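The same chain A turns up in both complexes below, where it pairs with chain B and then with chain C.
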Partner chain A sequence: MIRNVEVLVVGGGPAGLCAAQAAASMGAKVTMLERDYVPGGQLVKQTHKFFGSEKQHAGERGFQIGRMLLDEIQADPNIEILPETTALGCYEDGVITALQGDKHLKFRPERTILATGAAEKFLAFPGNDLPGVYGAGAVQTLMNVAGVKPAQRVLMVGSGNIGLIVSYQLKQAGVEVAGVVEAAPRIGGYLVHAAKIRRAGIPILTGWTVKEAFGKEQVEGAVICQLDDKFQQIPGTEKTIACDAICLAVGLTPLTELCWQAGCEMKYIRELSGHVPVVSDDLETTKAGIYAAGDVTGIEEASSAMVEGKIAGYSAAASLGHSPEEAARLRQEAMEELRQLRSGPTGGKINAGIEKVKQDGGVVHVNLYRYSH
Partner chain B sequence: MRIEEHPVLQFDRGEKVTFFYNGQEVEAYSNETIAAALHAAGVRRLGHSPELHRPRGLFCAIGNCSSCFMTVNGEPNVRICVTRVEPGMRVEEQQGKGVVTP
Partner chain C sequence: MLISTGIPTEEDLQGVMPPAQRRKLGPVAMAECFQKIPCNPCVAACRQKAITMGNDINECPKIDFDLCTGCGVCLTKCPGLAIFIIDETYGADTALVKLPFEYLPLPQAGQYAMGLNRAGEELGWFKVVQVIKGSARNLTHTICLEVPKELSMEVRNIREGGYRDE
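Let's turn to the complex of A and B:
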């Protein structure tokens, strides 16, 4: 049986939650699919205080913002949340399928908002498949959601904001951080985060990388080495680090499978960390009625994902005739919020990426994921 | 190992439950995933790769990567990182690609 729904939101992270809330507040009936058994995405795993303005709840910790949003959404009669439900496919006739336990669900939405987020990037080195090599998100999930230590002593790879923040979170959880290695010649993340972990006595080694992980059944240690200015390993600089986990914080890439399946025009944009769907100012993809918001449109911070969610939610509701004037006004406000967020320190790169999305050309026509007839 | 004290977070772990890992009884909490419960019990090797039989553990913990597949109550290829513990659940290390029994 195919269920007709008005607005289907795929993903219950910061973008999905805000999209659902925005669309429902205009009077639309929203169904939200969430793979995990609690929505909130990565937002509920953040213990640091957010930047931005009051509108994005700056000064509050990520998990507090997540819980507040969740409480509001769970009380909203216009929003139906389907947890432990994984979207499987997006078909030519607009049907979206999902798996809930052993049930195969089918939806025919009038509007779809894809808020699928991102996947962690991996790094090639011998031993990278050993148990104990974790993505930074996994470390956050274990220690900040379940309250379980991922290991005793961790080597962090990557000094972007995630690498720095997770190093500090490990320290908060009572886990030792052997150090942070960063391939680039300088620290990638904000100075405020870097200063915090340096004060905690955690060394940050720039121009270093992990050469190999060793261990029989799980990580027992790592070999790190120095890199030259062409990012080539310098023989003879190897050092052995005693650790039982290696945490990879080497970036994220948009999770776009559903966009490809839907046949959205896609572009590879380095500044946005991968292939992204081409979207209008309303965040509608080139497939009418399918919107995209959050990391799936390019890797940014949770604050931007929340605002993008609002823009997509208001736009989708307005296009269905729900309070179009009010929705247009609120969407305009959200766009101004986004402009301000992107005027911050990392905004330049994001804005350059978004400009490239808008330019003609560069659309990837090979549809890797689509079944060919 | 579990975090007992945290400067910022309080954990709502739920009730104590037990389940079976490779036939052995393991203590867990009702609000956690199988992956979290096994880590708390010191189990990080969750299985072996089907072809080269290399040890496999958790990588993404959010249901993306398929590294944590185990057999749960006879059903193979369960993503234990997004599956909650249930009392009496049988969690087993999977052999190869797993066998679906009707």
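Let's turn to the complex of A and C:
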């Protein structure tokens, strides 16, 4: 049986939570699919205080923000949360299918908000299949969700905000961090995070990479080496680091399978870290009634994902005739919030990427029938 | 270079350091925030309205050292843990450095902790005068450390654990 729903939100991370809340606050009936047993996405693992302004709950820790948003939407009679429910497919007639335990669910939403987030990138090097080579997200899940110490001594690869923050969290959990290697000549993440781990004695090596991991049954160490300005390994600069885990924090890429399946026009935008759906200012994709918000539209901070969620939620609700004037006003406010967040140097790359999305050309048209049989 | 090592340079610090004249008058805040990022909780935290950043949330904070009383509220609110309170009037030869701290175990007042500089290098054992615990919601603790006056601009962290009683 296909269930008719008004607004279907796919993904319960920062964007999805805020989208659900915004749409429901205008009077829309919202159903949220969350593959984990509880919504919150990456927020549940973030033990550090968030940046941004008061409007995005700056100064609160990620898990606190997640809990607060979750409390609010759980108390909202207009929102139905379906946990442990993984969206499987988005069909050309707009039907979305999902797996909940052994049940195959089908939804026909009037509006869909895709807030599927991102996936971690991996790095190719000899030995990267050894037990002990982790993605940063897994390390955070072990430490901050499951309460399991992932290793005794870790080499961190990547100095973006995730690499810096997870290094800090490892140190807080009593794990030694041998160092952070960063292929680029500059630290990628916020310098306050870098300064915080540096004064705790964690070296940050820019212009270095992991050459190989070694170990018999699991990681026993890593060979790191310096890179030249063309990112080529410099022979003779190798150093051996003893460690029982290597943590990869080498970036994220938008999780866009559902956008592709839906037949949204897609573009490869380097600044947004991968293929992203072409969206309007309302965050509606080129498929009418399907919106996208958060990292799926380009890799950015959780604070902007939350604001994007609001924009998509208000837009979807307004398009269904729910409090259109109030929704338009609040959407305008959210757009101004987003503009401010992106107005500095760190937002420059994002703005450049969004401009490229808007320009003509580079659009990938999907053959709808590729996905149907 | 801060951008390649995470360690602010002397030049970086000169731009945000309270002047020596001001430091002789009592406790004062120092925001070691050098990069334009979208963040402004310090502005709202300051009851003296000593911290400003214009209209752009991406600006670095500016502290009016004449208005600042060194109360330390901003220290616990800064998401980057980048604000420190320096009191060079604390003792004849010593200064009090207040620093944000989010590790366990916490030292107890009266114990000695290994002081670290911005590169995480050891500077010596210094007395923990007071530990102000963060609230259940805030969770950032403040360590008040008595250091030789000439190290007031050097000590920026303590090593977690291994505290000594004398």
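Just so it is clear, the second predicted complex is superposed on the first by the 365 of 373 C-alpha atoms of A that agree within 3 Å, B and C clash if a C-alpha of one lies under 4 Å from a C-alpha of the other, contacts with A are read in each partner's own complex, and residues count from 1 in each chain.
Here, a contact is a pair of C-beta atoms (placed from the backbone, for glycine too) under 8 Å apart; a residue touches a chain by one contact, two chains touch by 3 or more.
Keep in mind that what you see is a predicted model, and the values were worked out from it rather than measured.
K.L.:
Aligned on chain A, chain B and chain C: do they clash or fit?
P.N.:
In the superposition, chain B and chain C stay clear of each other.
K.L.:
May I ask you to decide whether A:T346 touches chain B, chain C, both, or neither, giving the answer as first, second, both or neither?
P.N.:
second
K.L.:
Report for A:Q172: first if it touches chain B alone, second if chain C alone, otherwise both or neither.
P.N.:
both
K.L.:
Would you sort A:A200 into first (chain B), second (chain C), both or neither based on which partner it touches?
P.N.:
It touches chain C, and chain B stays clear.
K.L.:
After the fit on chain A, how big is the angle at chain A between chain B and chain C, using C-alpha centres and going to the nearest 10 degrees?
P.N.:
Once the two structures are overlaid, it is 100 degrees.
K.L.:
First (chain B), second (chain C), both or neither: which does A:F51 touch?
P.N.:
A:F51: touches chain C, not chain B.
K.L.:
With the two complexes superposed on chain A, say which partner A:G135 touches: chain B (first), chain C (second), both, or neither.
P.N.:
Once the two structures are laid over each other on A, A:G135 reaches chain B alone.
K.L.:
Answer with first, second, both or neither: which of chain B and chain C does A:K287 touch in the superposed model?
P.N.:
The answer is neither, since A:K287 touches no partner chain.
K.L.:
Quick check on the superposed pair: does A:K211 touch chain B, chain C, both, or neither? Answer first, second, both or neither.
P.N.:
neither
K.L.:
Name the contact category of A:S303: first (chain B only), second (chain C only), both, or neither.
P.N.:
second
K.L.:
Thinking of the overlay built on chain A, is A:K267 touched by chain B (first), by chain C (second), by both, or by neither?
P.N.:
Neither partner.
K.L.:
In the superposition on the shared chain, how near does any CA atom of chain B get to one of chain C? Answer in angstrom.
P.N.:
Between chain B and chain C, the shortest C-alpha distance works out to 5 Å.
K.L.:
Of the residues on chain A, which ones does chain B touch that chain C also touches?
P.N.:
61, 172
K.L.:
If you look only at chain C, which of its residues touch chain A in the complex?
P.N.:
Going through chain C, the ones touching chain A are 2-8, 32-41, 44-45, 56-59, 77, 79-82, 102-104, 116-121, 137, 139-140, 156-157, 159.
K.L.:
Where on chain A is chain C touching in the complex?
P.N.:
Residue positions touching the partner: 48-54, 58-61, 64, 171-172, 185-187, 190-202, 204, 206-207, 303, 340-347.
K.L.:
For chain A, which residues are in contact with chain B within the complex?
P.N.:
35-37, 42, 47, 61, 63, 84, 86, 119-120, 129-135, 137-138, 141-150, 152, 172-174, 217-218, 255
K.L.:
Which residues, counting only chain B, touch chain A once they are in their complex?
P.N.:
That would be residues 1-3, 5-9, 11, 13, 32-33, 35-36, 39-40, 44-46, 49, 54-65, 81-82, 84 of chain B.
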